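First subunit A sits with subunit B, and in the next complex the same chain sits with subunit C.
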Partner chain A sequence: MAIELKKLNMAYGSTVALKDFDLHVDDGEFVAILGPSGGGKSTALRIIAGLVLQDSGDVIINGEVMNNIHPSERNVAMVFQNQALYPHMTVYNNIALNLRMKGIPKQEIDRKVREVANIVGITSILDRKPKEISGGQAQRVGLARAMIRDPVVYLMDEPLTGLDAKFRDEMREELIKFHRITKKSIIYVTHDQIEAMSMADRIVVLNNGIKIQEGSPRDLYDNPEHVFVATFLGSPAMNTFRFRKSTEDPKLFILDSTTEVSPFGLEFADKTLPDELTVGIRPNDFILSDDGEIKVVLQSLEFLGSVIQMRVKLGDSELIITVSRESRTKTDIYDLKPESPLRFSVSSERFYIFGPDDRRLKNPIIKVHPPEAIMKKTQGK
Partner chain B sequence: MMFGNDKRGKLFRKEKGVKKKDVYDMLLSIGPAKKVVIYFLSILLVIIYMLPFYWMFLKMFRSSIFAHFPPDLNPFSLTSLGNFIVNFRDVISFGSFPLWYFNSVFVAVLVVSGSVAVGSAAGYAFARLHFKGRDLLFYAVLATLMIPFPVISIASYIFMLDLGWISTYQGLILPEIVSGLNVFIFRQYFMTIPVDVENAAKLDGLNPFQIFYRISAPMARPAFAAATIYTFIGTWNNFLWPLMEVHSQNLFTLPLVLNFFKGVNGTQIYWNEMMTVVFLTLIPTLVIYILFERYFVEGFTLSGVKG
Partner chain C sequence: MNNTSTKNKRRKIDLKLEARYGYLLVAPLMALIVIFTFFPAIYSFAISLFHYNPFGHQVFFIGLANYDSVLHSGLFAKALLDVLYYTVVVVSIQTILAFMFAILFNHKMMISRISRAFVFIPAIVSSVALSIIFIWVFSDQGLINYFTSFFGIKPINFFFSTTYAFPAIMALNIFSTTPYFMIIYLAGLQTIPRSVLEAASLDGVKTGWNRFRYIYAPMLNFTTFIVVILGIIGSMQLFDQIYVITDGGPSHATYVPLMFIYNRTFIYFGDVGLSAAASFILFFAILFITLMQRRYLKETRWT
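Let's look at the complex of A and B:
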């Protein structure tokens, strides 16, 4: 195991950055730590590097406890946001500095610098200063500077932030290649779920210093255990609705923002359910159908190529729905105007039900009824 | 080769400080009426600032100390150069003029290098190191900027008296090395340097002292330029402290020398020689300014200090 973190705790004054954070990273594994800014992920990376000293807990690298070891002797390399190259040194010297500090002979340094420069494709700019190269080249210099140390693990702190969107896509591909060539472990910190989903073998979701969930990208997407994970992964984000238990019928839940009873036609068979629930539905799990049980009012419609993204109103809540361009209704989808009524259905396994603590409920038994049936039931009382 | 060669990617670097280009762009975006006013005021300012120089040239190219009537306002005439050479010869053979010139240079060089060395190290410490009472100490340093020198001049004099440093080089130099302004300029500049650059250096195996002089200090060139110019001009022109501290002619600096030329009891002023000394005094300031000019504005705008 390349890296192991045991019960890391870290606080800046009264702000908790990490709480009992455990992490293990296998040799050659690409792990992304994903979370919003201020979630503690950057702190975790800096603790591994030794730039920040944890309040408690252990950092174990290659089986050795590294808590009191200087950053330069931990055998890790870091790639920083905006690269943090030394602006007054040439690219060559930026890469070579580490080996110089170790007192390695000149010819050896020269050979190694040229070797890594060749791998990342920056041989032609070795004599330039950082301000004379492009952002993408700076990115590669940052990688080369990390690579020359031949570390156990690469620590990457949002290295693609600050690049423009199109170029970010290309750099993602290159980082995947980089990982394949070096075969080293990478811990990649990001707030961008697309970066994490597209590159990582495993994602650790961190919020307010607490690990919420970890797993493969697909696992996190399909089986989010927490509202936070459910809404953080996937774009556009999952729609969530808060429901409270009907005072009249414990099987019924009422959407918070409306007086309408269960607009999804949901009925929970399990009577032990808590009084409040959060129901999540991914935008692409709505199926446009003329006899669907979910009645909404269209607000706006955006054509995004292969899909059409709609903003619709359900009671007082707004939600986002994406449908494929092949979807059909009575009226042609392109003829829909704002304020048009629409109906959707969602199959029962596509509902994500979370309890009041935002944790996913284990097998809440749900049935989906046509809403009319439910309305009748309540009106009948 | 693993990656293709790509020149498209751009990093959004935040531009820091004011560049000459920005000023030009700003001027270009101003309407014609405003422009006339701005140019008029600028030209007026230039004239006001240049008048003393004009007068200096007028006088240093004359042979006589007396005024003519009608006054001759053209500084350059056939006899100008000859007059200047005579004045120059008279000045450098006056008293121990070469020694006094050397004193000024010697004191200025030591004060500038000492003050910049102390200021940059202290500024770096205030910007980057964490220690108890740091901010309080920094405010104390800032507070010293608000005290004018005459207020502490007598205390400083007594201090030098106790040390037995009256009329010595060290008495002339050491009190001037401590500069709150330099500490402030450097601290503000170092705070603009991204911490991650220093973190990268730490990972590369540099110790804090190596990080300071191999990474951070070279990145702070504008601050060094600003501090050098500012300190040099201050020391070079300093009159009050050398006047109090120096009792022997052997330690005179140029501002004290200028004082000679105002004549005994102010009866006779040797304008032509005085202005020749002024001219000779100006040269190093101009050289320093030209050498560091391109960093100067940036250094001061970044530290938020106006010169």
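Let's look at the complex of A and C:
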């Protein structure tokens, strides 16, 4: 195991940055720590590097406890946000500094610098200063500077954040390639779920210093255990609404809304569910259908190429639905006007149900009721 | 078309009006600068070409003769060399000390904020008041002699000694100007990104010397040049402390160019033309050193 963190705790004054944080990273594994800014993920990375000293807990690298070891002797390398290159040194010296500090002979340094420069493709800019190279080149210099140390693990602190969107996609590819070449573990901190999803073998979701869930990207997307994970992963984000137990039927839940009739109802097998639930549906799980159970009112419609993104009103809440361009209704989809009613269906296994503590409940839904059925039920009593 | 042309005209008028307001607002300050800086400078250049004795009512043009006699007066040459020696010693020591203080106090902790404030006190005390305090500090019953007496050293009256008077003045000025330059260094330290220091730490730059050699010194060299230039200009114009404490003595041991200029104008001969010429020689000396520095500066800036 490359890295093991045991019960890390860290607080800055009264602000808790990490709480009982455990992490295992296997050799060669690419782990992303994902969370909003201020979630404690950068702190975790800095504690591994030794730049910040934890309040309690252990950092174990390659089986050795590293709590009081200087950052340079932990056998880790870090790639910083905005690279943090030494502005007064040439690219060559930026890469060479570490070996120079170790007192390695000049020829050996030269050989190694040229070797890593060759791998990341920056041989032609070795004599330039950081201000004379592009953002992407700086990115590669940052990687080369980390690589020359041949570390156990690469720590990457949002390395793509400063780059423009188009270039970020390219650099993601390069990082995946980099991981394939070096075969070393990478711990990658980011707030961008797309970066985490596309590169990592495993994602650890961190919020307010607490690990919410970890697993493979697919696992987190398909089986979020927490509302936070459900809404943080995926773009556009999952729609969530509050549902409450119907007064007439303990198995029936309706939208918690001021509108008279719930736009749809959910019937569960279990009648002992809590009174309030959070229901989540991903935007692309809605299927446009004339006899769908879910009744919404269209607000706006955007054509995004492969998909059509709709903003619709469901009771009081607004939600986002994406449908494929092949979807059909009675009227042509492009002729729909704002305020026109629409019906959607969602298959019952595509609902994500969360309890009042925001944890996932795995109670099967028996039936999705259209508003007409709910009206009948409530009037029938 | 007619419409746009009137619009343009109006805009032009607006701009003119705005510019006029601008001139109006800077006028008072410009007037002060012209009256008290430019005019005296030009005027003194003019009188440097005259034999000008306001007390004897003798004024006549003598060309560059004043410059010639200043440069050939042994006293001015000595004064200039002395102040250069003073500048080399004071600027190097105060620059190093200011840098060290800045590194020492560059923390967010309360204690370093308080110490910073304490260290800064000498910089805000008036030079005359500080000089008067230092007359006592360096007197034969003063603070320094009190401490050295513990080691069995006989008391020295520093300001009455041709050997020690000038070094004592140097010590006083290092004490009072270092904190000012410390502030400039502290500002410079703020511009070094935290992540660069972290990267250096990971790269194994961990001893104080290595940190200085690879990170602080190269990244602060622009700050250092500012500190050195300001230091040189200040040192070359040394006057108040000498005027208050030693008056150029003993036996011209602390005689600096401004002392020469002052004495020639107000004390001995009243030869204002000669003094003006001496002022311009000093001015060109400072200008020359500053320009030399600037040439070097262009290539050392990294931002």
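In this section, the second predicted complex is superposed on the first by the 370 of 381 C-alpha atoms of A that agree within 3 Å, B and C clash if a C-alpha of one lies under 4 Å from a C-alpha of the other, contacts with A are read in each partner's own complex, and residues count from 1 in each chain.
What we mean here is this: contacts are C-beta pairs under 8 Å (C-beta built on N, C-alpha and C of every residue); 3 or more make two chains touch, one makes a residue touch a chain.
Just so it is clear, the model here is predicted, and its values are computed rather than measured.
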Do subunit B and subunit C fit side by side on subunit A after the overlay, or clash?
clash
By the touch definition at the top of the document, which applies to A:Phe167: first (subunit B), second (subunit C), both, or neither?
first
So, A:Leu51: does it touch subunit B (first), subunit C (second), both, or neither?
both
Subunit B versus subunit C as contact partner of A:His88, first or second or both or neither:
both
Looking at the overlay, what does A:Glu349 touch: subunit B (first), subunit C (second), both, or neither?
neither
Output check: A:Asp332 vs subunit B and subunit C. Expected answer is one of first, second, both, neither. What do you get?
neither
Quick check on the superposed pair: does A:Phe80 touch subunit B, subunit C, both, or neither? Answer first, second, both or neither.
both
Which holds for A:Gly135: it touches subunit B only (first), subunit C only (second), both, or neither?
first
Between subunit B and subunit C, whom does A:Asp291 touch in the aligned arrangement: first, second, both, or neither?
neither
Is subunit A touched at more residues by subunit B or by subunit C?
B
Residues of subunit A contacting subunit B in one complex and subunit C in the other:
46, 49, 51, 70-73, 76-78, 80-82, 84-88, 97-98, 101-102, 145
For subunit C, which residues count as touching subunit A in their complex?
193, 195-196, 198-206, 210, 214-215, 218-219, 221, 302-303
Where on subunit A does subunit C make contact in their complex?
46, 49-51, 70-73, 76-78, 80-82, 84-89, 97-98, 101-102, 129, 131, 145
Which bits of subunit B are touching subunit A when the two form their complex?
1-13, 194, 196-197, 199-206, 215, 218-219, 221
Which residues of subunit A touch subunit B once you look at their complex with the stated criterion?
46, 49, 51, 70-73, 76-78, 80-88, 97-98, 101-102, 118-121, 124, 134-140, 145, 157, 162-164, 166-167, 170-171, 174, 177-178, 181
